[in-house]
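There are structures below to look over.
Two complexes are shown next, each including subunit A; its partner changes from subunit B in the first to subunit C in the second.
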Partner chain A sequence: MSIFWSEIAKQITPYVPGEQPRDKKYIKLNTNENPYPPSPEVIKAIRKAANEDLRLYPDPDCNELRCVIAEYFTLSKDQVFIGNGSDEILAFSFPAFFNPKKPILFPDITYSFYTVYAKLFHIDYHLIPLDHEFSIPVDQLTKKNFGIIFPNPNAPTGKYLPIEKIKHVLEKNKEVMVIIDEAYIDFGGKSAVSLLSQYPNLLIIQTLSKSRSLAGLRLGFALGHKDLIEGLNRVKNSFNSYTIDRLALACAKEAIKDTTYFNNIRNKIITTREQTANQLIDFGFKVIDSKANFLFITHPVHPAEKLFSQLKEWGILVRYFKTPRIDNYLRVTIGSDEQMDTFLTTVQKLLP
Partner chain B sequence: MSIFWSEIAKQITPYVPGEQPRDKKYIKLNTNENPYPPSPEVIKAIRKAANEDLRLYPDPDCNELRCVIAEYFTLSKDQVFIGNGSDEILAFSFPAFFNPKKPILFPDITYSFYTVYAKLFHIDYHLIPLDHEFSIPVDQLTKKNFGIIFPNPNAPTGKYLPIEKIKHVLEKNKEVMVIIDEAYIDFGGKSAVSLLSQYPNLLIIQTLSKSRSLAGLRLGFALGHKDLIEGLNRVKNSFNSYTIDRLALACAKEAIKDTTYFNNIRNKIITTREQTANQLIDFGFKVIDSKANFLFITHPVHPAEKLFSQLKEWGILVRYFKTPRIDNYLRVTIGSDEQMDTFLTTVQKLLP
Partner chain C sequence: MKIPVQQNILNLTPYTPGKPISEVQRELNLEEVTKLASNENPCGPSPKAIQAIHKALSEIHRYPDGSGFYLKNSLGKKLAIAQDQIILGNGTNEILEIAVRTFLSPGEETISGQPAFIIYQLLTQSANGINIPIPLQEHTHNLSAMAEAITSKTKIIFIANPNNPTGTMIKQGEMMEFLQKVPSNILVVMDEAYYEYAIDEQYPDVLSFIKNNPSKPILLLRTFSKAYGLAGLRIGYGLGSPDLISLMNRVRQPFNVNSLALAAAQAALEDAGHLEKSRKLNQSGYQFLCQEFKRMKLFYVPSCTNFILVDVGQKAKEFNEKLLRLGIVVRPMGGYGLTTYVRITIGLEEENKKLVQAINTAIKQ
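Entry: the complex of A and B
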C-alpha cells in the first residue's frame, strides 16, 4: 500500500493467473495452453515480418487481419475488433457497454476476471448460481438486468450451453448487451456467430491463445454488429491507439488461414480429452462434461487440494481454485497424449 | 451512436493518432517514427523467438526484461514496469494514481491523450497555460493539486525542461504523484531518473518506439519507487495479465543492450535536427528549440494548414493540430538526411 495509490488502486483485487514457474520444468496442465506448436505458416510470417519496418507504427485499425477474420466467419470487416488477447477485449467491454449502478448478470462459477473488471470499472453485478450439475440456469438470465456476460463453454467447468439455450437468452434480453466469451468454443462447441445477424446486442469474443496455439502472442478478437465494434473502438482509442504489434498482425492472419492445421490439432485435443475423461471416470473421478481443452474433476475420497500439491511434487501442474463450491475440484488442461499418460499414471499412483 | 453503448462510451472523445496512410508511399514525418531500422540484434532475437514456445503464455511479470532495463538505469527490478507501449502505461497511471473529483495539473499544450484518459477515468484537471515561448511555467505547478503529469521534452513543442526545474516541481509537490512522460528524452535531454532515489512520488515513463526504432513492436516502461510500480501492477493485473508477447519480450532486451547502435542513431537524428532547424530558420520559420526527434515550426506569412496540405500533395506527411494557440504550427518528425533534404527543398518551393 502506498499513499500515492488512488482509491480504486487500493480497493481492487487483481486477477491471479495460473503459475508460470521458472524454477523447474513442469508438465504444464494449468493454464489451458495448447500442447501443439502454432502452424508453421505462423513461424514463417514472423520471420518475414522481423524487418526494418518495425521502426514504423502498426496499422492501428488492424484492417488486413480484420478482413481475414471477417472472411473466415462470413462477416464484414466492420463486424470485427482486434485486441491484445481476449482479456483486453473483455476489459474494454465493461466500460464500453456496462454502466455504474446498473447491475449486470454473470454465473457465480465462471471466469474470475469478470468480478475484477466489474470492480475496476465500478460496475455492479448479480451472480447467477450454476445448478448442481454446473449448468447455467438460463431461466435466471431472464430477470431484470442491464447486461449479461458468460463464457461458453464456461470456465473453469468446461460445460457447454447449446445454441438453442443461447438463443433463448437472447430472445429474453433484446434491450441489453449479451457478451459471450467463446475462448474455448473450438473444442467441440458451436459458436453463436450464426446468431449475430439476428441480434445487434450480441458480442462474441474469441482468442488465438487456445485453439490456435498462440498464447505467447496475445491476440483476441470480437465479433458483433458494427455499432458494437465502434463502441469498443471508442474505448480502445481512448486507452491505447496501437495495441497490436506488427509481428502479431502479420502472423495472426496465417493462423486463421491455415484451417487444415487448426482442424487437425483441435481434433487431436478433443480425442485426447475424451480418452482422458474415460480413464479418470474409471479411476473413480467425477468428470464434468467438457467441450473445452480442459477437464474439471473431483474425486469422492481424495481431496483436490492435496492432489494438486502431490501432482506438483511429481512435476505436474494443474489448476486449483480455493473458492466456494469448487474447492474440491481440479482443472486439468488437455496436453499431448504423452503428457496425459504421465498425468494419468501419476494420478493412479496417488489415489488411495 | 448505439443504444448499447455505456454512458462513458457515448461521452468520450477518442484520441486520433497521426495518419497511417495505405493509399500511397509518403515520406512519413508525421508520427515521430525513427528513420533508422532497429538494431540488428533485435531482428535476430525475433527470429530466434519465433518458435513453438509461442503456444505458451509469456512471463506476465516480464522479469528478464525488467532486469535488463533496471541494469541499464542502475535501478532494481522492482522499480521497473513494462507496458504495451508507453500509452498503455499512461492509461494505467490515471486510474492507479489519480482520483475522481481531485483535479490534477498538466499543460494546456501537451500530449493530447491526457485529456482523453482524464475523461475515460473521470479525472478532473486544470490546464496550466504554457508561456508565450511554449515553456512550462513551473511556478504554476506549485499551486494546490492532486497530481501532475507532463512530457519532457513536451509534445508537440519539443521544448525541454532542465532537470533543475523538474527538481523544483518535485520539491513543491512531495504529497502528490508527479508523472514525467519521457518519450522523447533520448534526443538531447537529461532523464529525471537520477531524481528517483530522492522522490518516491516520481514516476518516469519511457518508450522503445522512438529512440530505439520499435514503434511497430509496442513496448514502453515506467521507472519509479517499487510501491508505485506495485500500484501500476495492481491496475494492470485487474485489466490484462499478459500484455506483452513473447516476441516483444525477447527482442526488447536486445534493443536496450545494444547501446552502441542506440547512441549512433540518436546522435545522427540530433545532428539532422540541428541542420534542419538552421535551414528552416534561414527560410524565415520560427523554430521552437527542440530536444525531441521533431521540430515545431511556424512561418510568419505561410499558413501552417495550407503548408500541411501542400506538403501532402507533394508526398510528404507532417502533423498539423487544429487546436487553439498552435493552429499555425506544424510538427515535423526528423527523418533521414535524405528525407529532410526532400522536405526542405519542397518547403522552399512552396514558400511565397
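Entry: the complex of A and C
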C-alpha cells in the first residue's frame, strides 16, 4: 500500500490521545477532562433538542451560537467561527493562514497536533525550545518567521504567559499570523481577547471541552478579525458545510450563558489544583506552576514512567510522554476533590 | 487582507448548502414551510436513537471514545466485517475529506461524474489536485468513459451510487466489471449515501467485492443522515481493507465524532423496524409522485433514492421562488448545469400532496 500513500501521509505521525482502557473502571486523570458535568441548563437544552428534528441538517452557519459567543466577548458575530472541537479549527487554520516553504514558529514542547498539522499541510516550522523552567522564551518569537502558534497556558506544562508578554510578541510580529490556543485559559489565565481590536493578525482559539465540561460534544470556537474568520469559512466550506451537529448548537449557547455555573466549576478546579500542588510539593515533587486544569510534575528520586505504571495498577490513569526533556514528568488532570484524595493517598503509598 | 492565504483556497467557490427552514420562514414571512430540499428522512430518527442520546448525557463531560468501539462493533456484526475495516466520520463528508488528504498529492487527478456531489470537485481543488469531470450519460455515470479517462496521474475515482442529484444507479454486472478494470494503484470511492433506499435487485454488492478483493483499494461510504434520519447529528462510516482504513486513521482527528452521535447511531442501526417503515413510506411516496408527474406531463428521472430530479420546463430558479412563496422548499439544480430541473425530496403523504398542489399552481403562473 505504500506506493499508494501521498507524500503527506508518509510524513505524519498521528497524534496519540490518552488511553481509554475498558478492562476496569479507572479514575481518569489522563485526558484533561472536567470532572464535573455541564450546567443543568445544557442538559436541559440537549434533552429538548433530542427530538424528531434530528432528521434535519443543522444550521451550517451556526448563527445563533455565534451571536451568543460574540455577545459574551463583546465582539461582533462575524468575528466568531465555530468548529467541531478546537482541533478542527487548528486543522482549518494551518491551510488558511500558513504557507508551504514559509516556516512558522512554535515551542518544542507543546500540543503535539501542531507538528501533525504542519506536516499534513506541508508547512515548514522551527521549534522554539522552552527555557529550563518550561517558559516560552518570548524574545525568540521575534525572529524572522511567517506565522506563530502556541497554547496559553502551554500544554502539557500548564505554564502561563502573562498578557504583557503576549502583547510584546504581537508588537514584534505585526505582519504575520499569531494564533493563540487558549484551551485552558479559564483556569486562572487572562484571555488575549482584549487585544483583538488592536491586532487584526491575532486569532484566538478556545474550546468548550475543558472549562465548560463538553468534551463529548466536540465544540470549539475561534475569535479574530472578520477577515480571518472569513478565511476559516472559506476553508471549511470547501470541505464540509455541516461540521457542527444540532445538539451541540442547541446546548453550547446555554453553556456560554450560564456564567454562574461556569465560575463555580472553574473556581472549584482551581482550588483543588492548588491544594493538590501543595500536597505534591510536600511529597517532594517538583510541580510546574500551572494555570490549567492539570499539573505537570516530576520527582527527584522516583522515575515518572514507573510511577505511571504503578498508578495504573492502582486504577488511576495519568499521562506520561516518552519525549526527550519531559520523559521524567507526569501530567495529572485535576479531578474532583475525592478523586484527588485517592490519587494523593496512592502516590504517598508508592513513595517509600 | 494582509495575511497571505494559499492560492488554491482563494480559488475555491464554497458549496452552498440548502437553507434552514427557519431562515426561509423568516424571509418570506410564511406560517408553515415544507422542506423537501435536503433529502432528509421525513419519518425522523428511530425513537431508540433519541433514547440513547438521553442515556449518554451523563458522560458528556468526557471525551468520546475515539475508536468508536461500540458502534463499530455493531456495524461489524451487521455487515460481517472486521472493526479494523471501518472508519467513522463527522458525516461521510469528513471521510471524503480524510480520503483526499491521505491519498491525493498535489498535481494528481481525480475523476468524478458530472453532475455529481459537488464536494468531490471542491476537495480535489483544495488539495491542489485536478478534477476530471465525466458527463453523465442518460443521467447515469458513464463508467466506460470514466475508465478511459484514467491516466498515469489518476489517484481517486469518485462514484456516487445511487447518484445525487439524479437518483440513478449502476447495476451489479457493470459495476463489478468496472471495479475489476480499475488499476490497483487508484482508489475508488464508492459513495452509497442512499444505499438503504436502493431496493432494486440489481443494486451492486460492493461490500462483498471489498471482502473478496482485499488488494483493490475501494472505500465504501455510508451515512446515518439519510434513511436513518440523523442528518442533524453528523455521522457516517467508511469501509475498506484494513490497510486503507489504517492509513486514513493517521489523518483522522482522534475525536472527530461526538459521543451522542455514536450512541444514537448505534441505536438507530439496531432498529430494523424503523428503517423498514422509512423505506416503505418512501416507496409509496415515490409511486404517488411519479404518477402525478406523469399526469402533469413533467419529465422526471426514475430514482432509486428518496429524491426525484424533475424537469419543470421553466427556469428552475424562478420556479423555485414560486414554490417558496407557496411554502415549499425544493432544490433548484441550476448550479449543477440542469437549468430547468429541481430536485425534490420525497416527503410524508401530506407533504407530497401539498407539493403536487403547489407545483400545479406554480406551473400555471
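One rule holds for everything that comes next: the second predicted complex is superposed on the first by the 346 of 352 C-alpha atoms of A that agree within 3 Å, B and C clash if a C-alpha of one lies under 4 Å from a C-alpha of the other, contacts with A are read in each partner's own complex, and residues count from 1 in each chain.
In this text, a residue touches a chain if its C-beta (ideal position, glycine included) is under 8 Å from a C-beta of that chain, and two chains touch if they have at least 3 such contacts.
Nothing here was measured: the structure is a model prediction, and the numbers come from that model.
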**Message:** Contact-wise, after the overlay, does A:A215 reach subunit B, subunit C, both or neither (first, second, both, neither)?
**Reply:** both
**Request:** Considering only touches as defined above, state whether A:K119 meets subunit B (first), subunit C (second), both or neither.
**Result:** first
**Asked** Taking the superposition as given, does A:D245 touch the first partner, subunit B, the second, subunit C, both, or neither?
**Response** both
**Prompt:** Looking at the overlay, what does A:N99 touch: subunit B (first), subunit C (second), both, or neither?
**Reply:** both
**Request:** Quick one: classify A:P38 as touching subunit B (first), subunit C (second), both or neither.
**Result:** both
**Prompt:** Which residues form the common part of the subunit A surface touched by subunit B and by subunit C?
**Reply:** 1, 4-9, 12, 14-17, 20, 22, 28, 31, 33-38, 42-43, 46-47, 50-60, 84-85, 87-88, 91, 95-97, 99, 120, 176-177, 200-201, 209, 213-218, 227-228, 231, 233-235, 237-248
**Request:** Quick one: which bits of subunit A touch subunit C in the complex? Just the residue numbers, please.
**Result:** 1, 3-9, 12, 14-17, 20, 22, 28, 31, 33-38, 42-43, 46-47, 50-60, 84-85, 87-88, 91, 95-97, 99-100, 120, 146, 175-177, 200-201, 209, 213-218, 227-228, 231, 233-235, 237-248
**Contacting residues of subunit B [partner subunit A, same complex]** = 1-2, 4-9, 12-17, 20, 22, 28, 31, 33-38, 42-43, 46-47, 50-60, 63, 84-85, 87-88, 91, 95-99, 116-117, 119-120, 176-177, 200-201, 209, 213-218, 225, 227-228, 230-231, 233-248
**Message:** Under the definition above, what is the set of subunit C residues touching subunit A in their complex?
**Reply:** 1-6, 9-10, 12, 14-15, 17-18, 20-22, 35, 38, 40-45, 49-50, 53-54, 56-67, 69, 90-91, 93-94, 97, 101-105, 119, 122-123, 125-126, 185, 187, 217, 225, 229-234, 243-244, 247, 249-261, 264
